[in-house]
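Per-chain residue numbering starts at 1, and chain names A, B, C and D are given in the order in which the chains are listed.
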Amino acid sequence: MIRFESDYTEGAHPNIINKLVETNFEQTPGYGVDVYCESARAKIKAACNRPDADVHFLVGGTQANLTVIASILRPYQGVISAFTGHINVHETGSVEATGHKVITTGNDDGKITAQQVADIYEGHWNDGTHEHIVQPGMVYISHPTENGTMYTKDELTALYEVCKKYELPLFIDGARLGYALMSPASDMTLEDVANNCDVFYIGGTKVGALFGEAVVILKDSLKKDFRYNIKQRGAMLAKGRLLGIQFDVLFEDNLYFEISKHAATLAMDIKKAFEEKGIGFRYDSDSNQQFPILTKEQYETLTKKYSVSYGGELPDGKVYVRFCTSWATKAEDVKALIEDIRAL
Amino acid sequence: MIRFESDYTEGAHPNIINKLVETNFEQTPGYGVDVYCESARAKIKAACNRPDADVHFLVGGTQANLTVIASILRPYQGVISAFTGHINVHETGSVEATGHKVITTGNDDGKITAQQVADIYEGHWNDGTHEHIVQPGMVYISHPTENGTMYTKDELTALYEVCKKYELPLFIDGARLGYALMSPASDMTLEDVANNCDVFYIGGTKVGALFGEAVVILKDSLKKDFRYNIKQRGAMLAKGRLLGIQFDVLFEDNLYFEISKHAATLAMDIKKAFEEKGIGFRYDSDSNQQFPILTKEQYETLTKKYSVSYGGELPDGKVYVRFCTSWATKAEDVKALIEDIRAL
Amino acid sequence: MIRFESDYTEGAHPNIINKLVETNFEQTPGYGVDVYCESARAKIKAACNRPDADVHFLVGGTQANLTVIASILRPYQGVISAFTGHINVHETGSVEATGHKVITTGNDDGKITAQQVADIYEGHWNDGTHEHIVQPGMVYISHPTENGTMYTKDELTALYEVCKKYELPLFIDGARLGYALMSPASDMTLEDVANNCDVFYIGGTKVGALFGEAVVILKDSLKKDFRYNIKQRGAMLAKGRLLGIQFDVLFEDNLYFEISKHAATLAMDIKKAFEEKGIGFRYDSDSNQQFPILTKEQYETLTKKYSVSYGGELPDGKVYVRFCTSWATKAEDVKALIEDIRAL
Amino acid sequence: MIRFESDYTEGAHPNIINKLVETNFEQTPGYGVDVYCESARAKIKAACNRPDADVHFLVGGTQANLTVIASILRPYQGVISAFTGHINVHETGSVEATGHKVITTGNDDGKITAQQVADIYEGHWNDGTHEHIVQPGMVYISHPTENGTMYTKDELTALYEVCKKYELPLFIDGARLGYALMSPASDMTLEDVANNCDVFYIGGTKVGALFGEAVVILKDSLKKDFRYNIKQRGAMLAKGRLLGIQFDVLFEDNLYFEISKHAATLAMDIKKAFEEKGIGFRYDSDSNQQFPILTKEQYETLTKKYSVSYGGELPDGKVYVRFCTSWATKAEDVKALIEDIRAL
């Protein structure tokens, strides 16, 4: 079975593994104040061109989301999210478990617009009974989204303008950030992302690391005491240097971007193969997740050899599935898949 | 200004006031273990024909909702509610503040069907990644709903059957319960309600009392330690006898039902007046809340004399509003209103 | 049985009852924005000589405590309290239920000193691993304390100085505030209290009202959006005018202070009777709660006729109990009690 | 600088590193349902001789503690812990953040006795106002404790008997479990631990792994839906096989026990050296943490070459510190330390 079901099926990039082996018996202090974390922080700040940023390393995405969101909101505030947002549908209510409602909006593509945020905000404050209603307190988006779609620079800029106008911190879940930035369809750089939000994270788990998400806090008022939040949520790794080492390697010589490009390129090859076969897509994605719509026969044929994520059945009886590429995807596996798509 | 904006604009039924005056200097123990609470409990159990029930008195509706719901759910579970459910839209995220997601479904009328609950349950457990998703743990409905609509006995029975099948406790928010039960369109008694759910409350705040909601717990496994929950949520009134006295009076000589009938009758009169005028309704309500759709001119004319709750603007430029009757509504005020409707 | 067990055994002062009767059929808007609430707010601000204060009316003490505390703390912060503080021992973990630790300190008398707060603060920040430890975020005291003791003006001023120095908001639980202020041993006025804390509440439940606590917010940064907190915690009374009416009456013509003085005077009479009998006290209280230490024979004799709160057994086999006076305590009952004390 | 400050200063045992390297490019499903996790689970169940156990792998100790505790307690319940318990003092209120009070008891040695648990339970239920007080809902202990001390088999058996009697689940934090089990002073095996509690975890982070704690659930009623809790708390590792691989290696050929013995032996050597020098200890530990009491001169001398954890200053002006050994401690470093102790 060749696995295209997710982008976390393998371990880590060999450079990371090598560095972990090499440093294994070094002694460092715990909890993220070691030299490797320091070095990784410096590199990330440089890559974002934001020397003023605070950078913290957490272990996983759900953890990063709940820790960041709970650190920002007042008790009576909620977080605006696309209804398809990961925090709304695939984190077992972790945001609610910290006491906050997820206020949903959005579109079929998984994105939310500046106008939608404005509507929620204005709707709330124009309602005479607003204190009976959860107050919108921040905005959460994923880039790329859970549907593989991406914000354009114009879209993100417009969204951030609205957020600033209404004093709603904008948080970007970048679990797959590299796969958006290095998509051929992308018109944004890491620097653009950093300059158009208040806090975001750079996903490592799905992009070359064993695990780890680098939370980058840009807005000063959100920086205070963040390490308390990390610790309280069980997100402070004792051997913190493991996170530092991984991000230090990922941000050495553009590795993060190069391995992201590898995945993005292979995803486009798969997309093209489906398109050439006349197979449509549930979502129009230009990043590492592709959602073709298959007949049940096509589905059965392909899943004999390839594992995919099942998406659901459509009204016409067809099903849609998810194929993921990643930093670890082998070109030969994609080649085999393309041939099998052509043979459908 | 004559107020039809809500059903909590006056104090309490004179019988209650008289009893409060009469008992004012009696000394009783606190926290709901006095003779008045005991008497009220006995009367409510008799009225429900459920001697096995536990009855607790809380101060208000949001408090009752959050206390009951948080007492039932496991941390990773959510409560199924109509998207228009009070807990979802008008309680400032109080359920989320106890750690739980509100899982929404429902229809424009404010009700949810047995099939919708089945779909959510089956959908959850048939999803291979169910532990990544909030588990449905109970069902919340309002009767009458926030839109004034009511469940029929068949609908409620079907809903409860599904809830029992899936072991989802069914909780009925009865903030306005009397106004449903005594609607001419109702085919249910208090006993029917008690026999078709696991826990519900009988609203006093909106039906004759100064304040107070009587929570009736029918399912044995939900009874344990409920007083701890009441106290922890700040819902245990020191002078608990105030609640006992009020419900003792309300359930003496059918007072609760008679004053409810008064409100329901007047509401039907108002409904008829709008209908005769050819004015439609946003929701088809047979209980004490009526939601006529008015032109802006009609709205301005009526609100010069009557206060109402503003509902919202519709695509055609008309607006809908809420008129409430209550135990305290004066027949003469309704008469005046009807004349003014006719004169529109 | 004559009840001295608590200060919430009766209803409300007749002036309040009369006003409730008189206003019963008036129509007012809900949720605390009516004319009675406005009037009561104005009187309380005047009584505190703090026109800049925000005043909110909540139903009960546990509710007021959890709502205020949860509105102030950041998620990783805790509230410093005496280990005997009501929030620490008699509110079923309601503060923890909002996510916060109660950080305990204090003395046998139930008070905490400026030095103790300084020690906690300095100890926290001088600890290299401070982010692994709950950060002290505010200070909670009761005046009078649960043990009947009172802060002197010097003690409170010193405590508030330390709080301001460390930016720890100081919150005073005044469930029995009147009984401290009107104690013959008091050297503080209401104005002194208001000028030496950031937020406090004036207890009505135990001092003349059916129920109700007036939260007075003095520090500007704590005022924002407080009504959202009230609503979310289930503490916003629909018929809010009931609270307004009660406090409006209590702050008319010094009623609150006069009825408090009544209770304080009777408590001193009881204290003196025990002293003259050579009976000691568990706590040295000059307010409305008295904690005599009785032999088991004395205890049995007195409790045949009077209900008291049982405190506990001491190492020497004696027990201590609590006698409470209140605004409603009858002089004749105290006279009878004193005679029975003399006859022990 | 030679680091004795903690037992998490290095990476992982070479066998683990080798296995991670060897398996790096294998493809496995995520979230802990891979073959490595299955294999590790089987080995741990065998090592405990408890085929009925459920085993889950989490990343860190605070995470394991908060996830287990929040999965067990009802909202109004608290967890009994020694006042020195890690959850009470070094986890930033993570248990409170899930809504629960830590009910403290215990002794200077960091242990709690069966009698102390019985006293809390009986004290709670004998108090007439028990619903005003947090209900004890479970017991948390650490073995070895944060002070290095260990429960004897008799002590643990007695504690568990009381817990079963009162239906209080007993949870053992085994972050350093190996270092207790392999202490020369230990009279317990892993099987004894498993048979004398309801849930415990086997620490990997401090005993040979890069990270990871194996939660072993023995009581059937605590097993249900545990994976939901893991996910909700952000504790479900995407590349779950990393945890499986590590515990699979640790429980291959007794590795976990052998490396634990290594640390325990070296710790005893250090203890003996201090004893021979006439230097006393803050706590009488026979496990891998040693707490000698040093003069300030001794402290300064040793910390020029060795990093230790500073414990605090004692009334006589001396200070106590913590020396930790671990699976990674080099015999030569201990030898050097012993020589330096002798030379003090």
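Rule of thumb we're sticking to: a contact is a pair of C-beta atoms (placed from the backbone, for glycine too) under 8 Å apart; a residue touches a chain by one contact, two chains touch by 3 or more.
Not measured: the values here are computed from a predicted model.
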* Number of steps on the shortest touching-chain route linking subunit B and subunit D -> 1
* Pair joined by the larger number of C-beta contacts - A-D, A-C -> A-D
* Of all other chains, the one whose Cα centre sits farthest from subunit D -> B
* subunit A and subunit D, separation of their C-alpha mean positions in angstrom -> 34
* Structure fact -> Taking each chain's mean CA coordinate, subunit A and subunit B are separated, in whole Å, by 42
* To do: Just give me the whole-number Å value for how far the CA centre of subunit A lies from that of subunit C.
  => 50
* For subunit C, jot down the residues that touch at least 2 other chains. => 75-76, 91-93, 97-99, 131-132, 135, 228, 231-232, 236
* Can you list the residues on subunit C that touch subunit B in the complex? -> 1-3, 5-6, 8-12, 14, 17, 20-21, 23-30, 59-67, 91-94, 97-98, 205-206, 210-211, 228, 231-239, 242, 307, 328
* Structure fact -> Within the complex, subunit D is touched by subunit C residues 75-76, 78, 89-93, 96-102, 128-129, 131-135, 310
* Enumerate the contact residues on subunit B facing subunit D in the complex. => 70-71, 74-76, 98-99, 131-132, 135, 225, 227-232, 236
